[in-house]
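Each chain gets a letter, A, B, C and D, in the order it is written, and its residues are counted from 1.
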Amino acid sequence: MDKMPKWADVILTPLISLFLAMAISALVILAIGESPWLALNTMVEGALGSSYGWGFTLYYTTNFVFTGLAVAVAYHASLFNIGGEGQAAMGGLGVALVLLYLPLPHWSIALPVAMIGAALFGAAWALIPAWLQAKRGSHIVITTIMFNFIAAATLNYVLVNILRPPGSMDPSSARFPEATHLPALTDMAAAIGIDWGRNTPVNISFFVAIAACLLVWLLIWRSRLGYEIRALGRSEPAAIYAGIKPVRIILVTMLISGGLAGMMAINNVMGEAERLLLNAVEGAGFIGIAVALMGRNHPVGVFLAALLFGFLYQGGGELALWTSIPRELIIVIQALVILFTGALDNMVRMPLERLFLSLRQRGDS
Amino acid sequence: MDFATAIQILDSAVRLMTPLLLACLAGLYSERSGVFDIGLEGKMLMAAFTSAAVAFVTGSPWLGLLAGIAGSMALSLIHGLASITFMGNQLISGVAINFLASGMTVLLGQKIFGLGGRTPSLTGGGRFGEITLPFADSLRNVPFIGPIYADLISGHTILVYVAFLCVPLTWWVLFRTRFGLRLRAVGENPASVDTAGVSVTRLRFAAIAICGILCGLAGAYLATGLSAGFVKEMTAGRGFIALAALIFAKWRPWNALFATFLFGLLEAIANRYPNLEIGPITIPSMFMNALPYILTVIILAGFVGRAIPPRAGGEPYVKER
Amino acid sequence: DPALIYDLGGKFDKSFNEAAYTGAVRWVEETGGSYKELEMQSEAQREQALRRLAETGANPIVMTGFAFGDVLNTVAPDYPDTKFAIIDTIVDQPNVQSVVFTEAEGSYLAGVMAATASKTGTVGFVGGMDVPLIHRFECGYAQGFKAVRPDGNVLVNYIGTTAAAWNDPVKGGELAKAQKAQGADVIYAAAGGSGIGVLQAAADEGILSVGVDSNQNHLHPGQVLTSMVKRVDNAVFDAFSAGADLETGVKLMNLAAAGVAVAIDDNNKALVTPEMQAAIDEAAAKITAGQIKIVDQKSGNSCAAQ
Amino acid sequence: MAAAAQQIGGRPDEAAPAAIELRGISKAFGPVQANRNIDLKVPKGTIHGIIGENGAGKSTLMSILYGFYKPDRGQILVNGQALTISDSQTAIRAGIGMVFQHFKLVQNFTVLENIILGAEDGALLRPSLAKARGVLKQLAKDYQLNVDPDETIEELSVGHQQRVEILKALYRQADILILDEPTGVLTPAEADHLFRILEGLKAEGKTIILITHKLREIMEITDNVSVMRRGEMVASVRTAETSPEELAELMVGRKVLLEIDKAPANPGAPVLEVRDLKLVDDEGVERLRGISFDIRAGEILGIAGVSGNGQTQLLELLGGYPEKGSKVSGTIRMNGEVLDLTGTKSDAATRRRRGIGHVPEDRQVEGLIMDFAAWENVAFGYHDKPEYQRGLLMNNAAIKADAGKYMEDFDVRPRDPNLAARNFSGGNQQKIVVAREIERNPDLLLVGQPTRGVDIGAIEFIHKRIVELRDAGKAVLLVSVELDEILSLSDRIAVMFDGRIMGERLPDQTTTGELGLLMAGVTETGPVPDAAGTPPARQQGTDRPEGRG
């Protein structure tokens, strides 16, 4: 028997928490002498008020879906993968190498090949920490942190010394061939006669991200492997009793996790920048942790949390672009949203539960 | 490498390890009590800002230090509220605290000083000065011992000595006092403490308060000891390295000293040899920069066994569901 | 109105974004005009920011940083009536002014000064990230130094490989101390916010330092040998003043055009001896005359010129 | 609401001074009403039993008395004085001590550290430790409660861990001692020892409250007994004036068969042949020293023994998951075919495919994923079976259908396949595990401690199903520390001691006394010397109380 109706748990509680986060944010904005109302307006208008804003919001959402799913999948096996940042960076390298060195005539061929490249590189970057955890007992939290630094160094080296076109100042690769240009959502909308989100970076990867959510859902809750991942994550002795092999599951889970993080590269590297930049990931790997935890490691939750962060990112960007509010305010708002919806959710849930319980008891007697 | 170089590298290692050591011990208290803390970075950053801001305004590093502790404690309190009182997810809370510090420091800094989040540089008395230990200068010429005493042991800011003293102190508190016994117990099995009639909540709050103090020291050392003022994001990932050191140290104070020293040393060596030439190949600077991280992985894989965290770590103590 | 877009480091990066800001402020003070400004939040926003500004009718639009190059190349043709100015890289479009600085020339002079000021014959260089733009500073500096002291030694360190490299004064200070321990007595910092730590440590250790981008001589009066200033402020000021009549094409901000310089003011006057001044003047003249060719590229791990 | 306690036999002495009196205690956990308006009077200087089905609310009630939970309503009187027990400290000061069902010990602390935790004498440990060491020595002498004060808890057997819990209470000078299912994890000998201690405490005038599922214990040791059912107190009687049958009926609400009704065995061909099985664990300790036995179709082989003598290792090895790093040798034949002992084909999944079912000793740590729904647990270990697959995915409908059927067959309550395993009471959790393993109709069923901590209603049921499996011509290997269980279920009994089988007996031709001697390593020819001439190393080190507190 549950303490309160499911809708109250999954909808009402987060909404109230979100409201609290926004209220505190408003106080912060007031404290720095700006108008909260204007800020909110700018954010909502800028992120959701036009197809243009949506185009950016969904672009960021796509990034966060991939890194969020990466953290979530690992979490089900009780593995805390903080390495999304490095894995996504390496995924970018994979995409760049594939697109620069393979003759790919059309995006429809380039996309799957790039996805494989991204996933392989991301997965490979997760494999070593996974192997060390499974075989040598090195804590995956440390090793993935270290691998983030090592990835940054590797990318730095590769971009400056190998991929950078001669004479360029920019530590970035050459532009990918025109043929590999991914259809933007704008183009796709235009093809069916709708004028939507012109000049926005959201592209077909968005649908790949949605497909990834579905696949992860199937994987975790509908497949045998997912069953074994969850079993191992909840209890290792029980998993062994059931004939599940921990080493194998740890390796496979981290490969999938790293692969998902790496896949982010098809959105930001292939879809948006169309070349590999030094700082292409821009912290999305870390946001993925928050997204996964807030989304309760469920693909639907991850998607919603990614959307929320996409909104904050774009709305916040707009805020910083068009008002005098410093851009760091967005980080504060993000922090408050994470705090209230993710960590302080019981502050809202516990009184609610009591409320519903007393309502029910009154109903009973 | 000659002796003088070795001394210089060790001296540099001591400076580099101090913030790591303080943060690592901070994490040790918190995690030993069963509260995981990936928000060390944020607390240090906040402390660095508040200490620099107050030291600049008042001209006193000591007031700055107090302010640093206060800033870090405020975040500790939030972490405690989330993870102890409201039994929330400790990892999420830590992530949020890191974001909060990263945003708030710049926001406040910009509001107060208008330098884009920087504080003005601290001059003269606004910083912690280097302490010359007694006889340091007269002993310098004694062979071997002299340079070690005068150049390595002497000549650091007070916070370095505090940090090193914190190691035996922590060991003593943890293993020789009632508080330490209860603290370790509450991280292993909170129910055992609860049924012994001791408040789990109070113990855990005490632990994270100590964590706040030590992070405050770490942040103040960064901003008012090592450098002269606050620059946004100046912790530059040191909180995460401290966390890695804590796991590496298996949550033990003397090991923490060793682990953070290793990190400091590796970084000092990489600083000293930015272009290591091994035979015909020269290792590019990028990889020398990443060397501490690469070596950490190798050491972890090769020599350090499985690290078993405090058993109740990361889980809120839920009595009734 | 003109507009200014800062790169990801942000308006107050203690580096060239801040210099751009200074230029804009000076223009406001002198003309009483107003301008729009934007700070980048993420890579994806570059194009958005450019287009939105262009659509609001801002003209000219000035942006700092080579990272805009790629995007500007695609955006500029869509707004033929708008003038753009990009700093630090060349974009070949009819309505774009590309402002490039010869950091290597200024750094060469800094190297000459360092060589003259150094007693030990060893000087240091601390860069933020090991990337081509910073190599210009490094290589110019090394070449200038070697020109005066061929047998001297230049120590080179880079802060890191992540974005944190530009905001880590602690590591900057530690690198400065490490270089001092190896004998360096003049250290040149091209490392954004981390450079503050380099200058601080140098001052603490009683050696000289060289600031970068904007004039940092005042940070530690008498202890900063000079600053290799890159007059981004002038570039912005000029572009703003030109308004819609902004001249397109490449605008070379070299030594001759006073685009780069070594700052000499009250704070460091005492450090600049007459023979140092003479050496600077001579080198500057030779550079301007084309007698000295500065190689600002790295090949492998060292500067091509060395 | 609360039915007045039934009047059966004589009520406990109303006039005697009460050490504990509870009046109208109620407690709800969210929507679950764990205790409903409970009255209870425990006369001073008596042993008072409390029985009831799993989940009846016994532990909750006692935890309230100990200040661990706060009651929603009601009053507590200790020695006639009303007392608000807001935390355990208050209870301890009032002279109440409690040994929880799941021990509240710090695993990596020493005994001494656990004893003083919360009862230290000052801010520094050293004096407290010294004092405790002395007191401990005295207590050990007074009550035969010997434990090495410097051992860490994880090194101790369950029985010794329990001693530590009792010592903790005595160290705090408890006058009223509550024990929650203390014998659930003890061997008969340990249980007897415990009861002698309890009687000694009673003789000193201390009051004892004992929760147990074992009616034999109630009859043997208590003065009065109270029965709980679904959160209510349904009866309080004098033990001398009631009978096990009557108590069982009160508990469950229906008549219960306390004896197993089973036909003689009809053994067929050997199903499992084990020869010279040896196992050395990763610390180099020899756990199995050459085990050989057969089990035929249609028979139950019971393995008796004090826990820690290799039964766990035997079950795990047969089940396909010996402890990591252990070395094994010998042969196992299943239906005539040799099973791999090492390599990829020696795992638990392969064993299951060979027709070996396994009810593990610890349902909460091994047998179930506590966070999984009941239906998911029904496929646990069999999740790779073809009938549970549908293309690339799992056929959850099929699993749910099976879950519904199993829960029906085994009367698992509540019959909600979507409920997480942790929300079932211990007995019902065990039914889920047993159902899963038996319904697969395995050729060989390995069963470890099938009824540990399970109430009598469920015990009756589980026993019946094991016998039915045997009657269907299957082989069963039963490991239990309950001699009663072994004697009543087995067709043959093997006794294990120190990694060896000391001998085989037929249940109707042996006695508990004889088995007890064998379990202690005593044969007709005298005790077997250990290979190294020393007592078995680190007895029972791998045994843990089921679940963790």
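Rule of thumb we're sticking to: contacts are C-beta pairs under 8 Å (C-beta built on N, C-alpha and C of every residue); 3 or more make two chains touch, one makes a residue touch a chain.
Note that the coordinates shown come from a computational prediction; the quantities given were computed from them, not determined experimentally.
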| item | value |
| --- | --- |
| Contacts common to chain C and chain D (chain labels) | A, B |
| Chain whose mean Cα position lies farthest from chain C | D |
| Chain A-chain D separation of Cα centroids, rounded to whole Å | 46 |
| Centre-to-centre distance between chain C and chain B (centres being mean Cα positions), rounded to whole Å | 34 |
| Mean-CA-position distance for chain D and chain B (Å) | 46 |
| Contacts with two or more other chains, residues of chain B listed in rising order | 117, 232, 237, 284, 286, 289-290 |
| Of all residues in chain A, the ones touching two or more other chains | 149, 152-153, 156, 160, 330 |
| Multi-partner residues of chain D (each touching 2 or more other chains) | 30 |
| Chains touching one another, given as label pairs in label order | A-B, A-C, A-D, B-C, B-D |
| Footprint of chain D on chain B - complex, ascending | 175-182, 184-185, 188-189, 191-199, 311, 319-321 |
| Sites on chain C touched by chain A in the complex | 8, 10, 38-39, 41-45, 47-49, 51-52, 66-67, 69-70, 88-89, 129-133, 160-163 |
| Residue ranges of chain A touching chain B (in the complex, touch as defined) | 28, 31-33, 80, 128, 132, 136-139, 141-143, 145-147, 149-150, 152-154, 156-157, 160-161, 286, 289-290, 293-294, 326, 328-336, 338-339, 342-347, 350 |
| Chain D residues touching chain A - in the complex, by the definition given at the top | 30-32, 319-321, 347-352, 358, 360, 365-372, 376, 379-381, 383-384, 389, 392-394, 396 |
| Touching residues on chain A, where the partner in the complex is chain C | 56, 59-60, 149, 152-153, 155-156, 160, 164, 168-172, 175, 199-201, 268, 272-273, 275, 277-280, 282, 313, 316-317, 320-322, 327, 330 |
